[in-house]
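Dropping the structures in below, format is structure tokens.
Both complexes below contain chain A, partnered by chain B and then by chain C.
And now, the complex of A and B:
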């Protein structure tokens, strides 16, 4: 007589531990990255059609729900940037400087700093120098 | 042994991850909040002549293409693997759909940027 093998149920596995919830949150930020690429792609498409089409795209972005959506997307992108640099040391081979391994936190900190510096530079470029 | 295509997709995912970690927050703020809601940005920052000039500049084209294409490849790869974590076990059709969308989006972006001209 054979019995059915026991298969551990995996349904909802990630809701059982806050660490896994944060992992899934990190992974699903990719949906927002894709959505934003789509919004920019539509912008380039409308730009290629001329001024009226491009300004209609800009007007759509001014809708209150569009601004609210981008507010939510901004939070997701900040979480993506934070977690991307946080896990960076785990995705790289150990880096040694002067025979000593570079601490992971230092690599993450370099990433967070790069995001801050580049964000400030892009903001300044668009605001004061016109792209 | 057949060589795996995984490193190619992982590289595109990684490149898109780095680029979006550096640029996505500030770009979403500028195009989605700062300019449309007029908070911290002049409302003409994304005016047609300015953005057209940017898209006509070869460097601007490269930036726009890199942002759109790499963001799409990053999303396609991560969504594909995330489906597995959610208990959906996607097969080849899903993979083709996701990576195919990223490919189609990249080609579309390149064609449109060439159409916009210099």
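And now, the complex of A and C:
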């Protein structure tokens, strides 16, 4: 009897499972992180053009739409930071301490804690100590 | 069947190549008891309702790896998935995603078997030893480096979980690469350099984008995503270190 294997289409695959939706969200937020890095680079470029250019760049960032965009980008960045540390253990060699495997969640938790502590320290340094 | 049995609706994705141009759903009303697996539900269908339904199974205890299928869209071993957990809702079973359907719930596994052979899934000894040299010794720490990866039963749930394999069937895929790592990580093995060519290639670890669902669905606790992504690090190190260590890093 002739074989006639049926290959199913992949269109819309990422909507088939909530896990895939979260994966796509993780990948998409990396684009937003890149966009934010681009905005900061523009700031450096404007600074090289002199004080007036830099002040104009700062003024543009105070526009309501810019503030709203940054609020959105902050959320995207937080989600991306969360997922970045979440998948990090998958990229590390197996680590054993005292003959027991170190759980991935512990490594992720260390990353989340470091992100929060360093972010808070940088925020405090800029906001209150005027660095 | 006892009197207090319940009835669950099971939708089966049928594909009979001689009559169906594409797969179609067929619904069955299946009486069940709380101890019945999805596989037993299918066996009830085949025995009492419709003898033409095709599916694979063998051991009924999650070790042979034959009865993998999509249960409500998730890759599962049907022998360790229970009907009671879906009641009173209905249940849809389909052939494992991303693999060609041969008939009904039976998929073609030929592609995987070729890939499995390509990773040289056996120990290639570092040096020839005679019986007089005695056995290879291994410490518990050395065992721990590969033990979990050796639990793979080739059930292909991880291939059904991997959209990259679905979109690009040339990708070697989670189970074969996890088994590749199982041998590379074995202290008795000396075949890493032979396997590295596949690791580096487009069809090797670099086709993985770390979706990570393969490790979620594995019924044996293997972490293929980790095996693959660890090897991205060693592949990258091998690529860059060749400039400073022309004779290669991989021994």
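The rule is short, and it goes like this: the second predicted complex is superposed on the first by the 124 of 131 C-alpha atoms of A that agree within 3 Å, B and C clash if a C-alpha of one lies under 4 Å from a C-alpha of the other, contacts with A are read in each partner's own complex, and residues count from 1 in each chain.
Quick note on the criterion: a contact is a pair of C-beta atoms (placed from the backbone, for glycine too) under 8 Å apart; a residue touches a chain by one contact, two chains touch by 3 or more.
Just so you know, these numbers come straight off a predicted model, no measurement behind them.
**Student:** If you stack the two complexes on chain A, which partner ends up touching A:33: first (chain B), second (chain C), both, or neither?
**Tutor:** first
**Student:** In the overlay, answer first, second, both or neither for which of chain B and chain C A:109 touches.
**Tutor:** The answer is neither, since A:109 touches no partner chain.
**Student:** Under the stated touch criterion, which partner chain does A:80 make contact with: chain B (first), chain C (second), both, or neither?
**Tutor:** A:80: touches chain B, not chain C.
**Student:** Of chain B and chain C, which one touches more residues of chain A?
**Tutor:** Partner with more touched residues of chain A: B.
**Student:** Quick check on the superposed pair: does A:14 touch chain B, chain C, both, or neither? Answer first, second, both or neither.
**Tutor:** both
**Student:** With the two structures laid over each other on chain A, which partner does A:5 touch: chain B (first), chain C (second), both, or neither?
**Tutor:** Second partner only.
**Student:** After lining up the shared chain so the two structures overlap, which partner does A:55 touch, if you call chain B first and chain C second: first, second, both or neither?
**Tutor:** A:55: touches chain B, not chain C.
**Student:** Once the structures are superposed on A, label A:95 by its partner contacts, choosing first (chain B), second (chain C), both or neither.
**Tutor:** neither
**Student:** Which residues of chain A are in contact with chain B in one complex and with chain C in the other?
**Tutor:** On chain A, the overlap between the chain B and chain C contacts is residues 10, 13-14, 27, 91.
**Student:** Would you mind writing out the residues of chain A in touch with chain B in their complex?
**Tutor:** Contacts found on chain A: 10-11, 13-14, 24, 27-28, 30-31, 33-41, 43-45, 47-48, 51, 54-55, 58, 61-62, 66-67, 69-71, 73-74, 77-78, 80-81, 84-85, 91, 111, 114-115, 118-119, 122-123, 126-127, 130-131.
**Student:** Help me check something: in the complex, which residues belonging to chain C touch chain A?
**Tutor:** Result: residues 15, 17-18, 22-23, 73-74, 97-98, 100-102, 108, 140-141, 144-145, 163, 166-167, 209-213, 215-216, 223, 225-226, 229-230, 232-233 of chain C touch chain A.
**Student:** Which stretch or stretches of chain A touch chain C in the complex?
**Tutor:** 1-8, 10, 13-14, 16-17, 19-20, 23, 27, 87, 89-94, 96, 99, 101
**Student:** So in the complex, the part of chain B that touches chain A is made up of which residues?
**Tutor:** 14, 16-18, 20-33, 35-37, 40-42, 45-46, 48, 50-55, 60, 64, 67-69, 71-72, 74-79, 81-82, 85-87, 105, 108-109, 112-113, 115-116
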